[in-house]
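What follows is a single structure, written as structure tokens, with notes after it.
A, B and C label the chains in the order they appear, each numbered from 1.
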Amino acid sequence: MTDETAGAEGPPTDDERTLFEAPPLGEQERMVEAILFASAEPVTVAELNARMPHGADAGRALPELARRYEGRGVRVVRVGDAWAIRTAPDLGFLMQKETVETRKLSRAAIETLAIVAYHQPVTRAEIEEIRGVAVSRGTVDLLIELDWIRFGRRRETPGRPVTFVTTRAFLDHFGLESAKDLPGLRELRAAGLLDNRPPPGMGAEDEERDDQPELFEDDPAPAGPTAAPGEGGRE
Amino acid sequence: MTDETAGAEGPPTDDERTLFEAPPLGEQERMVEAILFASAEPVTVAELNARMPHGADAGRALPELARRYEGRGVRVVRVGDAWAIRTAPDLGFLMQKETVETRKLSRAAIETLAIVAYHQPVTRAEIEEIRGVAVSRGTVDLLIELDWIRFGRRRETPGRPVTFVTTRAFLDHFGLESAKDLPGLRELRAAGLLDNRPPPGMGAEDEERDDQPELFEDDPAPAGPTAAPGEGGRE
Amino acid sequence: MTAFLQAEPMAGTTDDSSGDSAGGAEVVPFAGHGGDVAARLAAETLVIDVDGFEGPLDLLLTLARTQKVDLRQISVLQLAEQYLRFVDEARALRLELAADYLVMAAWLAFLKSRLLLPPDPAEDGPSGDDLAAHLAFQLERLEAMRAAAAKLMARDRLGQDVFARGLPEAVERVRRVSYTATLMDLMQAYARIRTRDDFRPYVMDRENVFTMEMALDRLRGLIGFAGEWSDLTSYLPPGWEVDPARRRAATAATFAASLELAKEGKLHLRQADTFGPIQLRRAERSGGDGA
């Protein structure tokens, strides 16, 4: 403090003058800066003046300070008839912190996904038929949002229902080169995941993969290493 | 996607630059400024980096920023491994309104705090040995509640006594960059007053304290006025 | 304190025991014996203020200051005598002193005798001078800590001299949920659907026994899809996960089978800690190197 006031110009040496003379403008700017920084709410010019030493004029110091902060990470801004320091608008994104929470996919969602994967392209009605339960909008939306399924071509049947197919992101996530890599029913059965005996009434259908997704069928040639461009390096 | 593969060879395209290169240093400085201004608590370099765009290095921007604020109404200060903006101490008189009423600390509390600060990590028995009196639970509890001391690692001696160390809030409160900047620390150490000198005839059982305060140990011999060795490069 | 003889358990005075242990808070008239009046008065003040001391070491430090010398030149003998006189006077005034003050008095009496008598060569243990030097060290150290504490408290302090941002901007937390599912989940979900109509998983036909052979067959089929670490329990056959007896049998068999496959180098096993979940993953085909 004392040094700072001394830093003013020469003449006023006697005590009385130092007492009643306003601090130099640069010093006033520092004071305004500190007060605006530490205050819990915007501060009016009148209040700034009341808090600063006698003779100080915040009205003059404020524009100086505002200019000094131009282009900086924070700005001196006017809020009504008061002043405050605020984050520069373009840096607002720094005031967010993203937390990622990992959740397990719900049973409905994983089953729906599995049906799309094995039966694609598949309509909603078909999914419901296979699951035996209605498929909620939320489930489909979630899978689309996760970019694991997307809309495929419309089925050329009455009503032209939309179909669902899996995406490249789906393959990436599950570490598959192509949807063909999904273990077939036979393998699932061999693995004990499926009953050996054909379920009653589904026998023929289940015996071979005749109801299997077209995708698997009309996609010829086993995908060699040349397939799936850009994927090569994985694993 | 496409950029990624393109990046394999050849000079990076402009697009790629913006995507993968850290923002320019001046911009990083603005970001650090915004984050520090927005927080009442010190922010660690790690957290700054986590909140800034990928590739930004707060450790480089911070000293620049600190220099920019030299002599201003607020300062960029270092608090342990964190940084904060604080008003300049000479302007404290302007802040009567913000001044926090603090409980008057008992002599016991003040002395216990000092002993923890200068002797950390220190056990309760060692504090009692230095003060020559039992340390009441209330004193320790109060200091913990103020967030000035906390439990450190247990000492690997019989009974595995718990130790106390000071916190970042302690550094922040007393305006210290690190515990190495405690006033008079060097002189005290040079005078042997921070040694744990076992009472004569008690040598054996007191070997408990053969380990010196870890905090200070890595600080090499009293350095000249250049001070704080090992502080420079760390941030 | 523990340094002072083994005489008595640490007791009595704690740093904020104001009032209860050392009686004389009220001013007690001091019956003088003549002599140096100033010294008497000083001693009187000390006695009356006994509550104000933070234990015997603090009292000793105060007494040492009356010697008006650098603590390093202090006469410990003289100090011991000052202390003993203080205790006597407190007794004369029927002030009750806390136990540790008396322990200190006993120790100082012992120290005094050691300092005054010629050393007994038959006796080992620390010499009087060693003990005195240590006491002087303790006093100096305590004083140094007091000075350090004062310097600390005199610093520019947050909330008093230096201020933090008054209007901090909250960091908005954005929660993003990421969903996970493994290929195994997918396959099991599909298998579940395909067996649902049946209501007769084949395992129901058997006893509650799942053999290792069965588990091996099963695992061999599945392991190729276990590119990522997944819980052993996720390989339990459908219908065996719930009933405790069946679950136990299936777990044991699957575990045994996984060991067998690990031995063959077909899969890797890991367990983070004792009784932690066991996880398995297929071995990369490169490997002649065992698990």
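By our rule, a contact is a pair of C-beta atoms (placed from the backbone, for glycine too) under 8 Å apart; a residue touches a chain by one contact, two chains touch by 3 or more.
Here the structure is a predicted model, which is why all the values come from computation and not from measurement.
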item	value
Label of the chain whose CA centroid is most distant from the centroid of chain A	C
Identity of the most central chain, Cα criterion	B
Centre distance in Å when chain A and chain C are each reduced to the mean of their C-alpha atoms	40
Between chain C and chain B, distance of the C-alpha-averaged centres to the nearest whole Å	20
Chain A and chain B: spacing of chain centres that average the CA atoms, whole Å	33
Where chain A touches two or more other chains, by residue	34, 37-40, 85, 87, 95, 97
Residues of chain C whose C-beta touches two or more other chains	163-166, 169, 171
Residue numbers on chain C that touch chain B, as the complex places them	1-3, 10, 13-17, 54-58, 60, 100, 125-127, 130-131, 133-134, 137-138, 140-142, 144-149, 151-153, 155-166, 168-169, 171
In the complex with chain C, residue positions of chain B that touch it	37-41, 51, 84-89, 92, 95, 98-100, 102, 105-108, 110-115, 117-118, 125, 128-136, 138-139, 172-176, 182-184, 188, 191, 193, 197, 199-202
Residue numbers on chain C that touch chain A, as the complex places them	163-167, 169-183, 185-198, 200-202, 214, 217-218, 221-222, 225, 227-228, 237-238
Touching residues (chain side chain A, partner chain B) in the complex	1, 4, 29-35, 37-40, 51-52, 71-74, 85, 87-88, 91, 94-95, 97, 230
